[in-house]
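When the chains are written out, they are named A, B, C and D in that same order, and each has its own residue count from 1.
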Amino acid sequence: MIAYQAIIDELYSKINQEENLGQVAQYIPELARIDPNYFGVYFSAVEGESYGIGDWQRNFSIQSISKVLTLSIAYRLLGDTIWKRVGVEPSGSAFNSLIQLETDKGIPRNPMINGGAMVICDMLLRELKNPMEEILQFIRKMTLNNQIDYSDAVFQSEKLVGYRNIALCNFIKSYGNIENSPEEVLDFYFKMCSIEMNCQELTQVFSYLVNSNVTNAAGEQILSLSQAKRVNAIMQTCGFYDESGEFSFKVGLPGKSGVGGGIIAVHPNKYSIAVWSPKLNAKGNSYRGMKFLEQFTTKTELSIF
Amino acid sequence: MIAYQAIIDELYSKINQEENLGQVAQYIPELARIDPNYFGVYFSAVEGESYGIGDWQRNFSIQSISKVLTLSIAYRLLGDTIWKRVGVEPSGSAFNSLIQLETDKGIPRNPMINGGAMVICDMLLRELKNPMEEILQFIRKMTLNNQIDYSDAVFQSEKLVGYRNIALCNFIKSYGNIENSPEEVLDFYFKMCSIEMNCQELTQVFSYLVNSNVTNAAGEQILSLSQAKRVNAIMQTCGFYDESGEFSFKVGLPGKSGVGGGIIAVHPNKYSIAVWSPKLNAKGNSYRGMKFLEQFTTKTELSIF
Amino acid sequence: MIAYQAIIDELYSKINQEENLGQVAQYIPELARIDPNYFGVYFSAVEGESYGIGDWQRNFSIQSISKVLTLSIAYRLLGDTIWKRVGVEPSGSAFNSLIQLETDKGIPRNPMINGGAMVICDMLLRELKNPMEEILQFIRKMTLNNQIDYSDAVFQSEKLVGYRNIALCNFIKSYGNIENSPEEVLDFYFKMCSIEMNCQELTQVFSYLVNSNVTNAAGEQILSLSQAKRVNAIMQTCGFYDESGEFSFKVGLPGKSGVGGGIIAVHPNKYSIAVWSPKLNAKGNSYRGMKFLEQFTTKTELSIF
Amino acid sequence: MIAYQAIIDELYSKINQEENLGQVAQYIPELARIDPNYFGVYFSAVEGESYGIGDWQRNFSIQSISKVLTLSIAYRLLGDTIWKRVGVEPSGSAFNSLIQLETDKGIPRNPMINGGAMVICDMLLRELKNPMEEILQFIRKMTLNNQIDYSDAVFQSEKLVGYRNIALCNFIKSYGNIENSPEEVLDFYFKMCSIEMNCQELTQVFSYLVNSNVTNAAGEQILSLSQAKRVNAIMQTCGFYDESGEFSFKVGLPGKSGVGGGIIAVHPNKYSIAVWSPKLNAKGNSYRGMKFLEQFTTKTELSIF
């Protein structure tokens, strides 16, 4: 029996006292002006134990963590046909994103990078009547929190400065791998990135990746066991951009980060853990989040490897 | 209690009857003239159960699987200093190998690609008196088979046509990340690739990745728990070149393949499994090996995710 | 004294009888439905001789040839400051356009590729009150033809399918090298590409590149001698995308092609020649245009080399 | 009648007094220890006038200028068949050399970059009995100087540290575009780079590019008019690596530089000019050489454009 709570307390306290390196995301004012010292952790075990510390009840912008959600919902609705339009290979490096799209004829490397998530969003725009509303409903049911929404201010800011994402979406469109207009796809994509919730809620939303028996409000399994495993495998190899290998190497869990400073990590059949701290390292992943999780899996000796 | 043997029998028989697609490696005569229908599997559980089927007792050229061995021995000897000279990130695609070396100033992406393994070989040339002999001794002790050796014919052929590897090694040398002469490094590297053993022996050699308590002939732990986890993490993200994501996605185990048609896969704390079938798919991984392992983890519901 | 007219007649007749290979540009209906057999040539010597054959009086879409015009006007207005935002190096290959923008931090390689021309358009949007109108006025004065205009149908079609150009412009904007909104820049850029004129008029418009003493309607020199030389140098090294070396090698003149099938080529101090034939080779340059010019400089022994 | 001598005197004196920026090539001791203040110019007009100033009589290592010589001799012997194995397009950037070889399947972009020159050397190894001796004989006849030779010390040093060139040659060999052993090709290539002569001799050797009627010792035309034009066209677009556009833009002449600090430039039918000054700019071209030539063509108003 591992003393999770004690380990979390100890690590939280230790890291909270160490220098907080890195830099808060600067590209939109809503992210830039956040207090860089927020630091929250929430742990939730399959067997019932759960525990939060620090700013675990404070909402933050989930940003790219939303890519796991859109992927899961598309996978649920469309099954393995989604892999015709997006790959499952790590992209190697941020640097290569555009040239890879050129050599791969508009098929993004995986659904965890921006281009891949846009293609997934494009699928959902066709599959769902009100995609944003339906996904928010799903989140609200999973978290039992009807207040969860996207931030319109963040959404508007993302749109305003999102030249690189506009470029990416139009580039994929030029290869025919976007069906809807780039504007619609980007609107949906940016809204998903602007969803806000707290650490506890993140573990609740993604509980189906820890335990594939978890059901939605309608009592249906969200993903089959095989699908859940595969989403975890993709997070493992692709969840942290060009630091995916590093995260796998040091933390050893499937996970996904966002530039809002959040990270969700999953130990299938055992637990999930959400960490949030806004300062990012050079690769765009939460400095304290990475540090906490590395030490957590070392202390608990519980990585998947 | 999973009926491993029954599952293995059933899958082996089924796949053996299906069409055997792909092509045997053609670049050297020793690999090209092998019987394409060889097909062997060996399974070895931590708890003692072990089982072989088909050509599991027949030797084959382990090729790139040797990269796991050189990495492990360098890691054991030098600890985390090795990561100054080689990374832990997936390379994204075969296509990028050389340009990545350029942008990364001669630091190969990971030790599972040729350039990375050469840098590891370079480290061992300094660290060990007779590196080839010492590694063979290690293998012989682990397998209790004193006959295990490299094939001189394969080694000579690799050298003769290895222009691309010569290019790679000299390119890294030009960045100063090879200390010894490229000739020495390549000789050692090619000899390692030319080692021959059978499926059972592969599971024996790599038993320390399943159970980090496994010791060598001197009674010493081969890798610490943390090191074993990290080697597994690297195999997970980088073990199958630009099909690493695909293997992770479909099979869900850390593993490594070689162009001789062998694959070793590891379920930490549970089992290891070696598969050998010479025909390769377009990415250079054993066609039947990939197929067998995908169905094996599906049937047993035992991937790491 | 070279018998230009006889040589032109002979070559025109010969090539007109040979098979007309390649394919008309397909991406917009206005270009796709053109008669592929149009073939016009207009020659204009500094010393006065001028001569047209075939469809030299028929208007066509000048497309990328317009890049020479925007460059010249920006150069005239802003002098060598323009080179802070766009380079003068050949791009090597079409394939590299986007990765080069990444490594070059949003500074396009040269003003003859799409991205470079967009940056030039962005400069003109700030410098001119009604850039499109002013440029059309310039063209009308040079050709003494008040009817010259852009085709609104071509412009609308370019906009409708121009995803790749939208991507490019937004990508450069993301690096801060576009000041205006991408929409404004693209509108101007697409309008410039949609200008229509005939072979004779092309030689009139670009007469200042043959003879830098040519003046505009206000009696001012259009470009200084040094500027005219430099624009010619850029056409020489960059005017034909990744076939620029080939054109330089075979034809030996500064020139610029467009996907409408037009080519303008200049022999400084001697003559200019415009050729138009809609079928394009694999690199997007007029099949008959390239062939005619190669044989023309061979026959006349008058390349710049 | 242009006062070449007065212009040369004035520019030489002016530039000699200005700060001498850049850095002497460091990779081999023979080049590194040269006096950085050497500065020589030699001018030779078709109509007979010729003139030297500064260190024009001092030998230096011609390095990459030798690529024009091997190209010319291969072109003479083999005609246009050489273009099956090497292209005529500028490479865009140094950075891309290796990735371009990958995408172009081992066909180097042009004969002015290292890989292209190696392929040319490979052709000559088959075509000539004693290629090095025969080329030296050619040079000696053209310059009437029997002492011209390659420096064995430079050659040995080039070989010793030439890892990147070894990589390049083996890489091309792996695509089948080198017939001989990489060792033989590299030996020949490095010897060519190690040839030493002075500025005057450079203009003599390359006189056939100014005037295609120039004959060799046997009274034969060295290159046909068309071939000479084409070699000039290649120098124009590819002679200065990723500064080729810049040289074309600023100087406006076909030319070739070497890391020994030499530059040969040619104005077809008018003159050739050789400049030597060992300090190189960031792109590896002589700082003073570039400066001198830019101002020379500006002052004389004689570029090819």
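We adopt the following convention: contacts are C-beta pairs under 8 Å (C-beta built on N, C-alpha and C of every residue); 3 or more make two chains touch, one makes a residue touch a chain.
All of these numbers come straight from a predicted model, not from anything done at the bench.
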Most remote chain, CA-based centroid, reference being chain B: C
Distance between chain centroids, defined by C-alpha means - chain B, chain D (Å): 47
Cα-centroid distance, chain A relative to chain B, in whole angstrom: 32
Mean-CA-position distance for chain D and chain A (Å): 55
For chain D, residues that touch 2 or more chains besides their own: 95
Category of the chain touch graph - line, ring, star, complete, other: ring
Chain D-facing residues of chain B, complex: 95, 98-99, 102, 163-164, 166-171, 173-174, 182
Contacting residues of chain B [partner chain A, same complex]: 87-93, 95-96, 100, 103, 109-110, 225-226, 228-230, 232-234, 236-238, 242-246, 248-250, 252, 254, 268, 298, 301, 303-305
